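Down below is the structure, laid out as structure tokens.
A, B and C are the chain letters, set down in written order, and residue numbers restart from 1 in every chain.
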Amino acid sequence: MPPGDFSSRIPLAIRRVGLVAALVLSGLAVSCRPAESDGRIQLSYWEKWTGAEAAAMQATVDAFNASQDRIRVNLVTTSQVDRKLLVATAGGDPPDVAGLWLASVASFADRGALLPLDDFMRADGVEPYVWLERYTPVYATMGQHGGRTFGLPTTGTAVALHWNKALFREVGLDPERPPRTLAELEEFSRRLTKRDPATGAITQMGFLPQEPPWFLWAQPLWFGGHYFDESGEIAIASDPQSVAGYEWLREQSREYGLADVQRFMSGFGPFASSQSPFFSGKVAMVFQGVWLNNFARQYAPALEYGVAPWPTVTGDPFALTEADMVVIPRGTKHPEASWEFVQYLASNNPLARTRAELQGIEIVCYLQEKTSPLRDWSPFFTEHHPHPLIAFFRELESSPGAVHAPASGVWQEYSRELATASERIRLLEATPERALGQVQARMTTAWSLHRTSLERQRRAADAENSSNEPTIQP
Amino acid sequence: MKSAARRRVLAGLGFTSPWIIGLATFTLYPVLASLYFSFCDYSILQQPVWIGLENYQRLAGDEVFWIALRNTAVYAALAVPLGVIASLGLALLLNCNVRGLPIFRTLFYLPSIVPVVASSMLWLWIFNGEYGLLNASLAPLFALWGGAPPAWLGDPAWAKPALVLMSLWGVGNSMVIYLAGLQDVPRELYESAELDGVGVWRRFWHVTLPMISPVVYFNFIMGFIGAMQIFTQAFILSAAANNGDGTLGSPARSTLFYTIHLYSTAFQDLRMGYASAMAWVFFLIIAGLTWAANAVAERRVHYSS
Amino acid sequence: MPKANPAARFAVYALLVGLGGLFGVPLLWLLVTSLKPVEQTMSNPPTWLPYAHYSEIGGKRVDVVLDARVTEPSVLVEDVATGRRDLRPVGSVAADNPTLRVVGMAEPGWWLVTERNPAAVGSRPIREVLPPEAIESRVQFRWQNYPEALAAMRGSPPDVPGVPPRKPNPEQDAGFPQFFLNTVIVCVLGVIGAVLSNALVAYGFARLRWPGRDVFFAITLATMMVPFPVLMVPLYGVFKNLGWIGTLLPLWAPAWFGGAFNIFLMRQFFRTIPEELSEAARIDGASEWRIFWTVILPLSKPVLAVVALFHFLFAWNDFLGPLLFLTRRQTYTLALALQQYQSQQGGVQWHYLMAASAVVILPVIVLFFLAQKTFVQGIATTGSKG
């Protein structure tokens, strides 16, 4: 019986009850999957983006399908891909390839939901560390966990400060001079914040840490702190920089008045719309990725903005990087074909001089207007990138300040705990000490349990079949 | 005779055979398996490993488990009594021999059959702090003493009341049950009460309420079981409130209800063993409280025949 | 109720009308929002009617969006390099500014307007300042929100002009028609199964006497106490082993094996049918199956209708089941599709979300008006028999 089969450890008596019924029912089971046959291996690829970004990936998939005649990849946009992917893999019906969030990769790997890619690399005669040298260093380590590779970046971005030049001009700030330090960010933010003289309601803000709310987990990194200590234990409450990062969050809420901010925020439209706060001029400075330009063109063509590194807190440069990760779920029926598609997404045509000559990763990165995680960019991609400031982002990603979220089997949970904690802190529901203390306590337990569980599973797998490849990463 | 008895058993089993299979496959087996899993470290992708009572011991010390339990208790404590009062109140109004009864009944009843997913979308919009209909209506009221209405789903203190408000919109179903109960109360009882010169309030307290107490009890229990298992509304509203960063129960865990926490533990973290232990604790809590309600009802509820 | 005095009657009606309004307004608001242009959904204070604004600009009639009301004497300036137009207070732009060109003047009370749908794709929309009298406003319901919202539920990006359409990809191409069909399949197959199986089982409990029956029935009632969350995890394993994950089967097939509450409901009803009818048929040599089929079922139409109706509602509204068991886009039901649409990356706009929600609600409302009596009687039965 394959590992993970749910009934294998259930006492026989219980199993019998189920088995009789199951036999009767399985007669009824019919697959409603349509038969698509053009003689090729059909791969299902789950994509988390929608709209123009999904169209960009679709174009890449089309190019792959056209580049060979044995494999056809079918792209499916899937919202909440992390939840769906785990449930589908557990149900024995995963897609063959999936685009996943960086934060999920290590957690999924530890749950045994992903295939390690190292064996494929070795089968191609390349040692993984050599294989990964094609990526800019910060991207090469993103899919690494426990000494193995579980995912590869398909599009890259550094997160940068974006500021609205028109709003700067309006309040007499130099529109070409972004804040460079935390103190400047605070000062600019004060000057850019406006209230309705009659009601006192906020009508515009300079900077709002929770807009967008995607990077609040990075508060410790920004302030020079750590999530784990040297011995690999959870360290957040005891880390002064991390605490300072969240203290700052609380100060922001206090300074502008929590109730006023809450009311102001509820008027924000969705990110991909003209009503989103940065596009509608409600918030003057935001931390956003390289993708913003693509959305700005669509939803705020009149917007005039600049990009700069995050204002420094520690005096050292800081560049948060993110990537979309491609993974192969365990349970795919076509691992080899899936790997071939993944390889396509990890390559480019280094000599491309026209749009039509772009290949692989550069198609999606070009169309999504992001940076390519590869070290080497083709001439066309470098010179004709639709983002006018792409060179700035490329430089930021290669800078010594470039960092990314830690790869840990509990990171998904850890970042969720941090998201909840930062919410409680900014809502003044709890002091940073208390909220982070609770994160610390919960995550210490979760982390030790996670390791115990991995150990248990490893022993169970060993006992089951010692010749089997262990399914879990220690 | 013997063969006749056997035939009767065969016929009985024959007619109930779908249910025998269904009960075994979709209820009994899962209940037993769930009990077994609750003593295991189990992730569905990997094999269950027996760990004894560890899951239950951990539950006792799990802060979020207690938060979820408290959230659920607070929600049920607000939603169930208010639901009973609201639906009984509406039924009493409709029972006043009013003209146009079908129109009003339809108006009150319709919201209760609106698919929860769709009504969640609607209330998401109504609760919007800035452009929502609710705050637009409340703003002048709050402005009287210089305040502003709450941000509802964005405010940990108001997110649960918001869900209660939404649940009150759906009381139409129990209202119809009350109405049927009220119409079954014999007219003579009212008439004799009126002859005795009993006032409206006392009539309600001494005639109506005892007569419909079984219906109140039924609605109370159904409302309680439903409120304890609140899922869809809270799932959708909290997922929408946080831009989809995967954190359920926002803001600040204020809408992290038991079933949401259970779902997230089982299907987001794949801790199926731990989730099964949570499920069993939940089962025991609901069964215990229902039993207690039953014990109270034995003494208080008036069954006419 | 005894006759009350006129004041009390007036109070009752006032309360009913007031509360009726409270109950009705949310659905009305949903409808109104679904028919607005996007910028009018987010207005403060909210408006109840959708408006369209037209103006004569450059000799042609243009559908415009009112961006902002001019509050102080202003000039409309154009960025020479980009063609971007914006309002600036009078005197804030130097006459010899090399990058900005003044193209218009505005008095307080005028409007800054933008063309809604530029004629050519990618062309910059017309932006002007206009006095209020140059703008013609009228109520106009945007019915096109509905097809647009439903089209947006489809996963595939729109075809790019000039690029040959790609091979069909059923999982990705699945859109509203597929979701609707799935929901109908789940509802119809579920309803048929629920009616047949529950009637059959209830007959066994209500009209047949056999040893073990009452114990079995007691167990049946007891299972009503089991909350779904207890079953959730192992059920997932059951469906996985049956190979049902990723198909619609977990949503309708279990209905074919009965459900405790419906068995109970039908049993109560069957017991009210006089035993003599069955006896007479037995004397005529009819089998139990024949009695069930030709005697009992025809007399039980009301309860069959109630079970059918409630199962339909349950299946149409079910969210947790699809959330847990459906993994493939082409199997989504409307409830799940609506939530996935709402939670997609980048968000969704209110007018579309309300339009999509209205479409999900509509069939239920139609059903209610078609089967109003069954609804009311059915609910009353479930209550009083409980």
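We adopt the following convention: a residue touches a chain if its C-beta (ideal position, glycine included) is under 8 Å from a C-beta of that chain, and two chains touch if they have at least 3 such contacts.
Remember, predicted model here, so these are calculated numbers, not experimental data.
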item: Result of counting contacting C-beta pairs for A-C and B-C, higher pair; value: B-C
item: Innermost chain by mean C-alpha position; value: C
item: Distance between the centres, which are taken as Cα means, of subunit B and subunit A, whole angstrom; value: 36
item: Averaged-CA centre spacing for the pair subunit C and subunit B, given as whole angstrom; value: 21
item: Centroid spacing, where centroids are CA-atom means, of subunit A and subunit C in whole angstrom; value: 31
item: Subunit B: positions in contact with at least two other chains; value: 21, 25, 28-29, 33, 44, 130-131, 239, 243-244, 267
item: Where subunit A touches two or more other chains, by residue; value: 5-6, 18, 22, 25, 79-80, 87, 90, 267, 271
item: Numbers and ranges of subunit C residues touching at least 2 other chains; value: 42, 44, 234, 236-238, 240, 324, 343, 345, 347
item: Partner subunit A, residues of subunit C touching it in the complex; value: 38-39, 42, 44, 84-86, 124, 155-158, 160, 166-172, 234, 236-249, 253, 324-325, 327-331, 340-341, 343-349
item: Subunit B contact footprint on subunit C (complex, rising order); value: 1-2, 4, 9, 12-13, 15-16, 19-20, 23-27, 29-30, 33, 41-46, 197, 200-201, 203-205, 208-213, 216, 219-220, 223, 225-238, 240, 254, 256-259, 263, 288, 292, 313, 316-317, 319-320, 323-324, 334-336, 338-339, 342-343, 345, 347, 350, 353-354, 356-358, 360-361, 364-365, 368, 372, 375-376, 379-380, 382-384, 386
item: Interfacial residue positions of subunit B with respect to subunit C in the complex; value: 5, 8-9, 11-16, 18-19, 21-23, 25-31, 33-34, 37, 44, 90, 93-98, 102-111, 113-119, 121-126, 130-131, 133, 136, 139, 169, 172-174, 176-181, 184, 190-191, 194, 214-215, 218-219, 222, 225, 228-229, 231-232, 235-236, 239-240, 243-244, 258-259, 262-263, 266-267, 272, 275-276, 279-280, 282-283, 286-287, 290
item: Residues of subunit A defined as touching subunit B within the complex; value: 3-6, 8-11, 14, 17-18, 20-22, 24-25, 79-80, 82-83, 86-87, 89-90, 111-113, 201, 212-214, 259, 262-267, 271, 330, 412-413, 416, 419-420, 423-424, 427, 429, 438, 441-442, 445, 449, 452-453, 456-457, 460-461, 464, 471-472
item: Subunit A to subunit C touching residues, read off their complex; value: 5-7, 18, 22, 25-26, 28-34, 36, 38, 44, 48-55, 58, 62, 65, 72, 74-80, 84, 87-88, 90-93, 166, 267, 269-275, 295, 301-302, 304
